[in-house]
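Next up, some structures in structure tokens.
Two complexes follow with chain A in common, the first pairing it with chain B and the second with chain C.
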Partner chain A sequence: MNISRTLLITFFLSAQTIAVAATPIIKIEIRNHLFYPAEVIVPANQKVKLLIHNTDPTPEEFESYELNREKVIVGNSKAVVFIGPLEQGEYPFFGEFNMSTALGKVIAR
Partner chain B sequence: MLIDAVVIILRETLEAAILIGILISISNSVSIKPYWLFLSLTCGIFSAVGYAASLGSISTWFDYVGQEVVNASIQYLIYGCLLATAVLTANSNLRLTFSLKLAMASAATLAMIREGSEIIIFFTGFLSKEHIMAEALTSGFIGLTIGMSVGALCYFSIIACPRKTRMKVQITLLSFIAAGMVAQATQLLIQADWLPSTGQLWDSTGILSEQSTVGQLAYATFGYEATPTPVEVYTYLIALLLIPTAIAISFYRSSPPGNPPLSLEKRNQRP
Partner chain C sequence: MSFSYVRSTKNPIILISTCALASIALSPNYAVADGSSIDKIYHPYVQALEQEIEYRSRYQKDSNDNLDGQQRHLLGFGRSFSDRVFGEIYLEGSNDSGESFSIDVIEVEAKIQLTEQGEYDSDWGILFELEREKSDNNWEASSTLIALHEWTDWIVTTNFGLIYEWGSRIDNEWETSFSTQFRYRYKQTLEPSIEIYFSEDSKGIGPVLSGTFRLGGRRKLMWESGLILGVNSNTPDESWKFNIEYEF
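Presenting the complex of A and B:
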């Protein structure tokens, strides 16, 4: 009983460790209503964690129809958005509050 | 005029306006005076301001996915309120007018908090740009009135339906909007990595793009997604089918033997 419980706990802990270790983190910065980098290269067929830092004092909304993602990021704050697993290709995203300048794309390779 | 502001406010207003249009039409059909809406508007606006003000700190919860979790919770709650609204509207045997008012008022309030907070946050971006604040507010007001006009159009279209089919139209529309809420909430939990993330089930962008006007309307009424994931589709279908099932169960449980159930609409028509 105790052995099986230990094995179960070990399994879940190791599975979680693998899951955490396997998710790459990609950093994006919003500065003067622009994304840096504007082209984000991510591994295809894998879940990716985007860490977006809005360094502007104004809010922004990270949005992408292709990625099915939408998130408000208030001024001077950080946000996490998980994307994927994506097939190889390009997935445009934009800052909805500054649509003319805040443009970028995720490139899955 | 700032076209961006018109589009953003229109998009945020559309879904809530259509939902509120349907709820007022239900209120009208079952002869409930729409006073609950004033309460909703007051609570909705104040709560949206409060939510917008605290969104910065909420976003840091649960390792920076608090926004998704809270928004998904709001949308699941709206679904619950709409499910209750559908059952209480369809089945008059329940005779729970106060509960129906409460369910409709809660759904409208929550929808306003969800959409209103994003509108408020958008305008806070103009606080440091006073020279275009007036222009942004005017443009936003145009977006708001277009959104409200669509809601009004929805209301009048439903009211124009013959009495016999009106309730079916209301329940059907409400069911699709409610299921759309669940799909959006599920999508948010996938975005937060609280639900498993998998590849898309299909891509119907070629048939109907989410960015098009019709696509936006379909998103607001049916929760349309051009590239949905399997989890989203399954939860959507379950949420959609749960409403007629709940109505059927409520009829089964509340109907006295040998006495066919009446809808609230029909009951109110009695002398």
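Presenting the complex of A and C:
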């Protein structure tokens, strides 16, 4: 393998690492049809990866028209939702299968 | 709107227009499956545990008697098989070519969500369809690349289709289609959009309204209605379309 190819591969691997590392990961748990935390603080103007763990045996749907996101998370499983970059503000979300209890909001600062 | 969602500052209109022109330029004899391609523009997303009943209809008006008054109705049932794969089966009835209305077409489709929503600059999916016209034993197989780009409160969705059709009463041939939708996220129950259809037999543009009503639990009702105006002589002057989906 010549030096230029090695440098090229190193560059792409570094770029991938930087890209992955640049997306903050925020964990949310669904427990007893509630979101924990219910208020999710995220950096403004930056893409964020929400890692949602549904610990209930029943499915839940993370939904927000304001965030333009909709994701069903089956019982006892995890799902990923990418949001942003968001301008500063509050973006409500809810669990569609338990709308009376599963409520929360993303706060971009 | 009070909120703003900024995923990219790139202008998707330029991006999509460039892709459309490139696809047409690179295709020496672009065309579309026989008949109008004015239908539904697919988004790339699949939800786990999703089931739906779908009804689609289209009614054409034209100064040409051969195109005037044609109706097409589809009734489908679909369900997801995972959080990435969705399948649907349709029965289709029409009164094309001056014939009386009959249910003559069966169609199956599978949609695969290729990327996570919001992970990349655009979201991608692919759709495979197989259709059989029973009376004439005509077949059509197609694959459609679906791209969706968010740009502030605008959503640009583009479908690039590659179609092969064969049968006893049609020429065996490859065809292509292109359609795009510029949708404004005004509110969940009402989103206006402009749709463009471009192919050999169908060239049209027109306004479409759509929306979603939550009915509690996982039940939702999604509707879409619009008018596509033909811009060449092969396309009906007016194609009225109405789609409704009940998700449960």
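Points worth noting:
Convention: the second predicted complex is superposed on the first by the 105 of 109 C-alpha atoms of A that agree within 3 Å, B and C clash if a C-alpha of one lies under 4 Å from a C-alpha of the other, contacts with A are read in each partner's own complex, and residues count from 1 in each chain.
Please note the rule applied: a residue touches a chain if its C-beta (ideal position, glycine included) is under 8 Å from a C-beta of that chain, and two chains touch if they have at least 3 such contacts.
Keep in mind that this is a model prediction, so the values were computed, not measured.
Overlaying the two complexes via chain A brings chain B and chain C into a clash. By the touch criterion defined above, A:55 reaches neither chain B nor chain C.
When the shared chain is aligned, chain C comes close enough to touch A:89, but chain B does not.
Once the two complexes are laid over each other on the shared chain, residue contacts for A:100 go to chain B alone; chain C is not touched.
When both complexes are overlaid on chain A, the residue A:80 reaches chain B and chain C alike.
Of the two partner chains placed around the shared chain by superposition, neither chain B nor chain C is touched by A:32.
Residues common to the contacts of chain A with chain B and with chain C across the two structures: 47, 59, 61, 65-66, 68-74, 79-82, 84-87, 96-97, 99.
Contacts from chain B toward chain A in the complex involve residues 4, 8, 55-56, 59-60, 63-65, 67-68, 118, 121-122, 124-125, 128, 187, 190-193, 197-199, 209-211, 225-229. Interface residues of chain C facing chain A in the complex, by the touch rule stated above, are 2-7, 45, 47-50, 83, 116-119, 150, 155, 185, 187-188, 214, 216-218. For chain A in complex with chain B, the touching residues are 47, 49, 51, 57-59, 61, 65-66, 68-75, 77-82, 84-87, 96-100. Contact residues on chain A toward chain C in their complex (touch as defined above): 45, 47, 59, 61, 65-74, 79-87, 89, 91, 96-97, 99.
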